[in-house]
Amino acid sequence: MKSVIKTEPVLEGKEVTMQFGGLKAVSHFNLVMRPNELVGMIGPNGAGKTTVFNMITGVYTPTSGEIFLDGKPIHGLKPHRICHQGIARTFQNIRLFKELTALDNVRIACHTHSSSQWWQALLLTSGHFAEETRITRHAEEFLNVLGLSHRRDHLAKNLPYGEQRRLEIARALATQPKLLCLDEPAAGMNTSEKVALMELIRKIRDDFDLTILLIEHDMRLVMGVSERLLVLDHGVTISEGTPEMVRRDPKVIEAYLGLEEAVK
Amino acid sequence: MSEFLQHLVNGISLGTIYALIALGYTMVYGVLKLINFAHGDVYMVGAFGGFYLAHLLGVNDSPSLPKTLVVFVGSMLICGTLGFLIERLAYRPLRYRPRLTALITAIGISFLLEFGFQLPRWSFMPFDFPPGPTPRFFPELFPRTIWFNIGEVSISNYDALALGVAILFMVGLEFIIYRTKFGVAMRAVSFDPNIAGLMGIPVDRIISGTFILGSVLASVAALLVSISRPRIDPIMGLMPGLKAFVAAVFGGIGNVPGAMVGGLILGLSEEFVAGYMLSSFRDAIAFAILILVLLFRPEGLFGRITTEKV
Amino acid sequence: MTHTLLVLSLMIANRSSAVAADRILIGEVGSLTGAEATFGDSTRKGIDLAITDINAKGGVKGKKLEVKVYDDQGKPEEAATAMTRLIAQDKVTLVLGEVASSRSLAMAPIAERNKIPMITPSSTNPRVTKDGKKVRDFVFRVCFIDPFQGTVMAKFTRKNLKLSKVAILRDVGNDYSMGLADYFTAKFKELGGTIVADESYKAGDQDFKAQLTSLKGKKPEAVFIPGYYTDVALIARQARELNMKQPLLGGDGWESAKLYEIGGSALDNSYFSNHYSTDDPNPKIQNFVKRYKNTYGEVPDSMSALAYDAAMIAAEAMTKAKDLSGEAIRQILASTKGFKGVTGIINIDQDHNAVKPAVVLRIQDKKPHYVTTISP
Amino acid sequence: MKLLKNFLPFLIGIPILWGIQLISPPHIAIILVNVGVNIILAVSLNVVNGFTGQFSIGHAGFMAAGAYTTAKITLALQDTLLPGLSPWLSTQTIFLMALVAGMLLSGTMGLLVGMPSLRLRGDYLAIVTLGFNEIIRVFIENIRWLGGATGLSGVPPYTTLVWVGLGAIATISMARRLVSSTHGRALLAIREDEIAAEAMGVNTTKYKIRAFVISSAFAGLGGGLLGHYILLVTPKTFTFIKSMEVVGMVVLGGMGSISGSIISATLLTVLLEGLRGLDQYRMVMYALLLVILMLTRPTGLFGTHEIWDVLSRYFPKRKAVQKA
């Protein structure tokens, strides 16, 4: 841990605010992520977690504030530019390319690092073929990592739910990101699937040398896997720290855990 | 000055036509998200329905108010039925398919009506149907009179009536949509037909109702236009239909006052382009204005921005 | 793939009927559907009437005439396909058509290539029969050409009506209208008149008041509207609604009973040039009008009259020709002199245009009245 | 080897097309030319409407741009002989260059139209493309240099069945190569989910415009070929009705299916020709068949599949049944 802290941050958000009309979805959000960190973001529904994701990945341009990746500003860039800079994401409401095969879903993500030109594809240059082979091999590797090799030629829409979630992760990995943002990757899974998934996420982080930002609803799960937690409520960070610290934070208990406990 | 005033009156009169057709267009679109390409042809059928009824009643020889009313009601009934049938047979089976699919059947229906009406007369028909391609004279249901003059510019009862009816329709539609049970159901179906169905709304009936309403509007528009511009033919709905669609998009498709305003703006801009600039570029410039508006306001004048939830 | 295609098309082709020995097949291409269907419809009726008449008198060379009609939807590329099919598959002896120059222009090269005579009843663009400097050997017409009719109306307006300020309202999408307007302008200016305004409309428009209002502001003494009756009737009505009292002027595209029916009294005191006058006591014309009325229940328009003449000239040429080869018929057609048609006495000139006098008619009380004849 | 693979479809195509051209009587040839041109139009429109999922209904405008450019060039160079070439080779070369110029200009038009309008979606994009179609047509009608309402007549008869066939092969190869490349997959990604595509690093705006430009260029090719067959280029050929017909072919064939577009273009063209004997009833029948086909095959003849995929799936299944 100590060695991690010394290095420069991968992602840094400074006073990021997002306003929709009169509604402040996120206000003065600050975040620093060090290399190889696995940070969990929690908060009740409508707390602004996904909005934070959308700002980091460029879907929304923050109303004010700055976001840096490796020290370079990325706020206001288009999503594809941010993706090229090294941030990849999954979506809360799975957004696979439904009518395409699992392999094609991943191959599309490999496009980010393709050097071929479109006219090469039309003229069938040898560079084009080499590139296509490389991309396919690459994509197959990622399918393999996520245990989806047997689904290579299946249409994404026909995969079971859990596998669709994993395919989204494979697709995000294929863009070769520095930072991976996972939006409720375990939603809709049963407990054993969830545990397996969290193991997988940790393994991916280590194997691919990644930094991961994770939104998760399941408290126990996110506490088990994250090194650091961030709690959002009504667009404001109400607590930040190790899972133990957050768990004990009275504000968190009041805003989020308290509610859940009370229901139980 | 009087020329400008005359252009203004002409433009409003032309815009009223577009608005009348656009109202029906926008209604159907609002609920179904379907470009009902056949709307212009329903309009054409409305005109011919009125034409046949007027001849049947001998309006040409002795026009009277009751006869005029019968012509209007009859034509509305014909179009309402046609609208119902089109939706039932050609659109409903494709409701949950990609929208382009229904667009193609809409084009098919449009062709069917246009080319069907261009056929030579069937010998077994007691009256002159199909009418064939030759234009027909639409009988004068009531004479044109000048209501008042401003300098050299005169305003006729035809123009005033059309504008009055258009405004009445706009207000009426707004009332139906926001103040009646049917309107609430329509809005629910427009929002999401599946969920509306789950909430116990008879989706099929609401959509049928919307189609009938839209088609009835088309028939009234057709009659009002045909009275003042008494030439009707099987393809009379093609260009007005297209222009009305442009007007509806212009105002923000699905939005009733938007269709009205869009129609008027389109009519006025065409009028002033043709009157003061190059009349041969009339259509091009009308489209160019539309494109410019859409580039700066992609949702149309009164449309709502729909953002996709990520 | 291509093979399947070929088989498919050959299947269509094989339906073709062999020409029986006792009849002569001629082809017709027309816009039976689409935006200009009404003109195709009139033309077809005119041709059908002519064929009935010819066959009643024993046909051509003792054989009955038969017409094969193909629709082109008013599209040039369809006209080309239809023309090719008539010649190559149906093996017609001669082709009649098309109404519009843009479609005749697509058909003319095919007639030329296959050496099959083609007579267009009403395509007025000079290029239909004369491609650049070269006259198309197999293409003829029985109607006026644009330069002639435009000139006639310019002369009439300037000399007979003694008007000097005229406005033009033309159909921008229609080559006939554009041609007439251009030649009218040239001649009228040459005769010392001025064109005070030149506006355009598009066929099928519902509203012409924008253009009319700006024309009105220029205070012309007359408005030349070289369009078709379908639009002119509405234009006239709207002009009168705008209190424009000037005479309206036009060409043979005006001639139709529908003009008077739709336009009503708005057309009073208007003039147009035509091939003939329906009130001309000439029995040939009266007989045609009567028979047309009896057959179709309507008064013929200029399209049907021209179509009738085109079919009649074709029949005469086939009768006179030594055999039914394209070349033989072509030679007779090219030397046609003094053919007495419904639309006047037709001479075919070296450019394969019909040379005949034009009559100018005045509309009063929903009827055309003969005013004068202007010779070429 | 590389070169061979590149030109293989053309090398195989030329003798076959040549053969067909030799044995086809003119009335068959003209139908085949129409089929070929419609294949070019449908397949190229499919790149935008089917692959990329953008709703364009202004294809005829780009056809017009290509047709007029090509015709203007060949008319101007009609009597020119390129040095060092036989007359035949010289005209063929001029025609090829004119076609390429036509494609370049229509592609440029596609760029000019696409850049502002591809920000719009769905029906709004549709109406804007339709609007541009009409604008292009109205402008041509008003330009005397382009022949106004009559158009350009006396266009030299350069288009042959071989030319059209090669054009179709080029279009189909373009579409197939594109869709099986990483660039084509980027287009498919846009169709499936624009936001996800963008998040995966696809510059959606750039790719949409690129698809639009390629599609427009090939529409220009179709226009140029058609013009040099009917020897006439007129605004009447390029109305929005023509655009709608092409959209009909694409949807009927199945959005995103190349073979679907080919087959539906062929089917509809041959069908329309086969019905010609019915006079006025022809278009009524055509409209009825269009509606019935759409109702019975709502996703088009092939959906998003290709005939080669469908076949390969069909055969193993039949084997399985036999075993059982």
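To keep things simple, chains are lettered A, B, C and D as they appear, and every chain counts its residues starting from 1.
In this text, a residue touches a chain if its C-beta (ideal position, glycine included) is under 8 Å from a C-beta of that chain, and two chains touch if they have at least 3 such contacts.
Model, not experiment: these values are computed from the prediction.
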Counting one step per pair of touching chains, how far is chain C from chain B at the shortest?
1
Tell me, please, which chain's centre (mean of its C-alpha atoms) is farthest from the centre of chain B?
A
By CA centroids, point me to the most central chain in this structure.
D
Separation of mean Cα positions, chain D and chain C [Å, integer]:
35
Cα centroid separation, chain A vs chain B, in Å, comes to 49
Can you check how far apart chain B and chain D are, centre to centre, with Cα atoms defining each centre and the answer in Å?
33
Chain A and chain C, separation of their C-alpha mean positions in angstrom:
72
Where chain A touches two or more other chains, by residue:
59, 91
What residues in chain C touch two or more of the other chains?
32-33, 172
Would you give the residues of chain D that are in contact with at least 2 other chains, written as numbers and ranges?
141-142, 195, 280, 283
Quick check on the complex: what are the chain B residues that touch chain C?
3, 6-7, 10-11, 13-14, 17, 115, 118, 120, 132-137, 144, 152, 154, 156, 225, 229-231, 233-236, 238-240, 270-276, 279-280, 282-283
Okay, in this complex, where on chain D does chain C touch?
16-17, 20, 24-32, 34-35, 141-142, 148-151, 153-154, 157, 165, 226, 229-232, 234-237, 262, 266, 270, 273-274, 276-277, 279-280, 282-283
List of chain C residues in touch with chain B within their complex:
32-35, 37-38, 40-42, 172, 199-202, 204-207, 209-211, 213-214, 216-217, 230, 233-234, 237-238, 241-243, 258, 261-262, 298
In the complex, chain A touches chain D at residues 57-59, 78-81, 83-84, 88-89, 91, 95-100, 104, 107-112, 114, 116, 118, 121-126, 128, 131-132, 135, 171-172, 175
Using the touch rule from the top, collect the residues of chain B that touch chain D in their complex.
29, 35, 90, 93-94, 97-98, 100-101, 103-105, 107-112, 115-116, 118-120, 242, 245-246, 249, 253, 278, 280-281, 283-284, 287-288, 290-291, 294-295, 298-300, 308, 310
